[in-house]
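Per-chain numbering from 1; labels A, B and C assigned in written order.
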Amino acid sequence: MNAVEAVELRKRFISYERIGLIRRRKTIANALNGVSLNVKWGEVYGLLGPNGAGKTTTVKILSTLLIPDSGFARINGFDVVKEAKKVRGIIGLVLYPDKGFYSRLSGFENLVYFGRLYGLSRGKAEERARELLRLVNLDWAANRPYEEYSLGMRARLSIARALIHDPPVVFLDEPTIGLDPVSSRSIRDLIKGLKREGRAVLLTSHNLWEVEEVCDRVGIIGSGKVLMEGSPRDIKDRLGLRYVIEIEIEGDSKGKVIRVETTDPVAELKRIMNEIEGNGLRISRMRVNEPSLEEAYIRVVSG
Amino acid sequence: MRLRDWLSLFWAIMLNELRIIAREPGGLVILLLMPYLVAGGMAFMASFFTRVSGIDFIREFIGFEVVMVSMIMVQTGARFISEERSGGRLEHLIATPVSMYIILFATSIVMVIVNISAYLVASLPVIYGVFGVIGLLRLIPTLVIMFIGLMPLYGIGLALAGVVVRLRDVDALMNVVTALLSVLSGATYPIYILPKWVDAVVVALPMYQMYQTALGIVMGSGVTGLIYGLAASTVAYLALGVFTYGRVERDMLKGGVK
Amino acid sequence: MVGLRETCLRVVLSRIALEFQRGVRLLFSKPAENIAFVISAPLWLAFFILTLRGYGVVRLSQTDLQLFLWVAYAFTLYSTWLWGFGHGIMDEGYDGVLEYVLAGGEGLLTHFTGWGLALITYELMDLAVIAASFTVLFNTPVMFINPILFATSILLVTLELLFTSVIYSMLVIRLRSNWVVTNIVQFILPTLGGLIPGEVNGYVRLINRYSPLAYPVVLMRESALGINEINIPLPMQLLYSVVIIIALALLAWLTVTLTTIRLRSSGQLGLY
């Protein structure tokens, strides 16, 4: 059984736009047009897509905060609509890294409170709060009011809250948005740690480099559908994106750089090496540039 | 969950809310001073037209207390969802296994306790000044009356929460609601001067029932039949609030928390 | 030198005009708020009068009614300025708007002045609503015995409350939103500021006579009702009002300057 399973999720939002003083125009936004995905245990799944593609809508449906118009989703076998309470007990959630806490309470007090809401006893909640504050490097600021926390600290506290009840499934909606490189790195390390512990993690992000680093599989969502899914390497291969091999040669043609674009870097590299050796040349420097996930993403999303 | 676990959870929510309130001492001070300022100010103005006795002042003081704490309860219920939403906490609260009804109920109990405590502390000097020790003893059962009376007001607030959530301008709506409910409180004036149909609305609202019952006890004339009306109001308005909130949460789950 | 002064003056005036436009746009960008005020004003007036009835006040003379009208209006003015404008400044500080204003090269006092002047439109709307409510509720037309002096006094009250609110909000910012300051000032200012008519009793008349903050508000009442509340000739009251406003403007400038310097050196301009 997969940790997270979503089948043909559909969701549309109806809103009313005021025209003039009294008249209103009804607008319908089809947020999801049949999203299907699954996340395995011990896997980090990245959900990518442009703004308005349906990433957050998907996360909210999976975390029981939104009821889909059709389709179904299950978290560890529990239906997100019919067994919402059971689902809530086994998921951790980061929706907004910069808010969602009580400003006048300290980080520690906030965590203990949410821990209690998740069913932990007071002693256990306090113990977990201290442990998690150490893990996210906030133990030094545990007793400072949340309103004094910087953006990076708030993001880390959000992750601590998501883990307070030790959930096996974690949803992270853009957890590193607006963070500096050091804070982002620490959160990526945390996410890798969650994966090592066997948890299932669904991550949405616009930082494609980060997604490529931490995610085992990626789903690219656009216009409410998953347009392509697979490991970053698979996606690049399927799209026929080219690797660039650069080789600098010694010998007669000293200083010459060979640059080759190819979809099959292994085979191409073998061929080039054989040719260079055959000609009695030596390689002084070599680099293989893998196509970026950004290229793949842009290719998929722009059709 | 066992009963002990439920009580422990309930207590945790109440404690959290108390902590938040305690960190804004300015609000608590206003709660204590406001009845004196308003009732005192009005008494001062009225004194230029007529003689204002200690009993008149007590009557109006309790009336203003009732109006003030009633408005706080209505506002708390009405604003809860929109404030949690703007603070980014609403979805995280819904996403926990704890029912929102429990969170709302525990939060409302704390607000009631804080308001009753403020009422008690503020009223002590005035009641003692006019009635002496016997007055202080009579104050105790009025705390129970206030406790019963404030709950339906939270229910009224919750019933308004659905409208508040749709409007982006919460303050505007609540200004009108506060003004209207103050006029319809029947707590600071004799209601017979109103038209009959307005009279009927006033009597049906919990503020008038709470005020008349508490006043009767403080004055020593005992509990009136309005206490049954108060009990009925508690059930009716709380049920209305619960039903309305249920619809609001269902709408939010269907349409998303915007 | 004269040319430079003229240019500087033009720049300042155009900035103030820009802030005025922005202020008016903001004030009327939330029609629900304006409608709410129109609906709630007569309700609060009714509550006020009903409460007096609760104290046993059965009959009110025409003069008393007129005085109540002006007390209600003065109360609205204080609420609008201290709570609306004053807290609006604090909110701008907290939201980081003031930082952008400073970074754009504009002085904060210019920013506040233009914005504050926009509130005149709101004050006039307040006056219309309260006057209409009074007329409907009590079947009593509102008196404006000396309209020119009344209009002048409205301008003086606006300027006085503008600078007072700026000083108040700067104090609150410096004292890190200290609730003691906010609560005390919010009650003391209106009391010293002529909210209560001197007709009430001798002590109030004494406060209104000797508190410079009271003159513009008292002048407003006097011009509407054709009375002399504090037994000082009206031209002298006018002069004293202008003097106090100049003093408040200087104090506001000083407070804004010192607070800005302090916040910039402590790095807390956007968050306090």
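We adopt the following convention: contacts are C-beta pairs under 8 Å (C-beta built on N, C-alpha and C of every residue); 3 or more make two chains touch, one makes a residue touch a chain.
Model, not experiment: these values are computed from the prediction.
Greatest centre-to-centre distance from subunit A is found for C, with centres as Cα means. Chain B has its Cα centroid nearest to the centroid of all protein Cα atoms in the structure. Between the Cα centres of subunit A and subunit B there is a gap of 45 Å. Between subunit B and subunit C the centroid-to-centroid distance comes to 31 Å (mean Cα coordinates, whole Å).
Distance from the subunit A centre to the subunit C centre is 52 Å, each centre being the mean of its Cα atoms.
Multi-chain contact residues of subunit B (touching two or more other chains): 24.
Across the complex, subunit B is touched by residues 30, 32-33, 35-37, 39-40, 43-44, 46-48, 50-60, 64, 179-180, 182-183, 187, 200-201 of subunit C. Chain contact summary for the complex, subunit A toward subunit B: residues 13-14, 57, 60, 63-67, 85-86, 88-89, 91, 93, 95-96, 98-105, 109, 113-114, 116-119, 121-122, 161.
Every residue of subunit B that touches subunit C in the complex is listed here, in rising order: 24-27, 29-30, 33, 37, 42-46, 48-52, 56, 59-60, 63, 167, 169, 171-173, 175-176, 178-180, 182-183, 188-190, 193. Residues 1, 5, 8-9, 12-13, 16, 19-20, 23-24, 87-89, 91-98, 103, 253-257 of subunit B touch subunit A in their complex.
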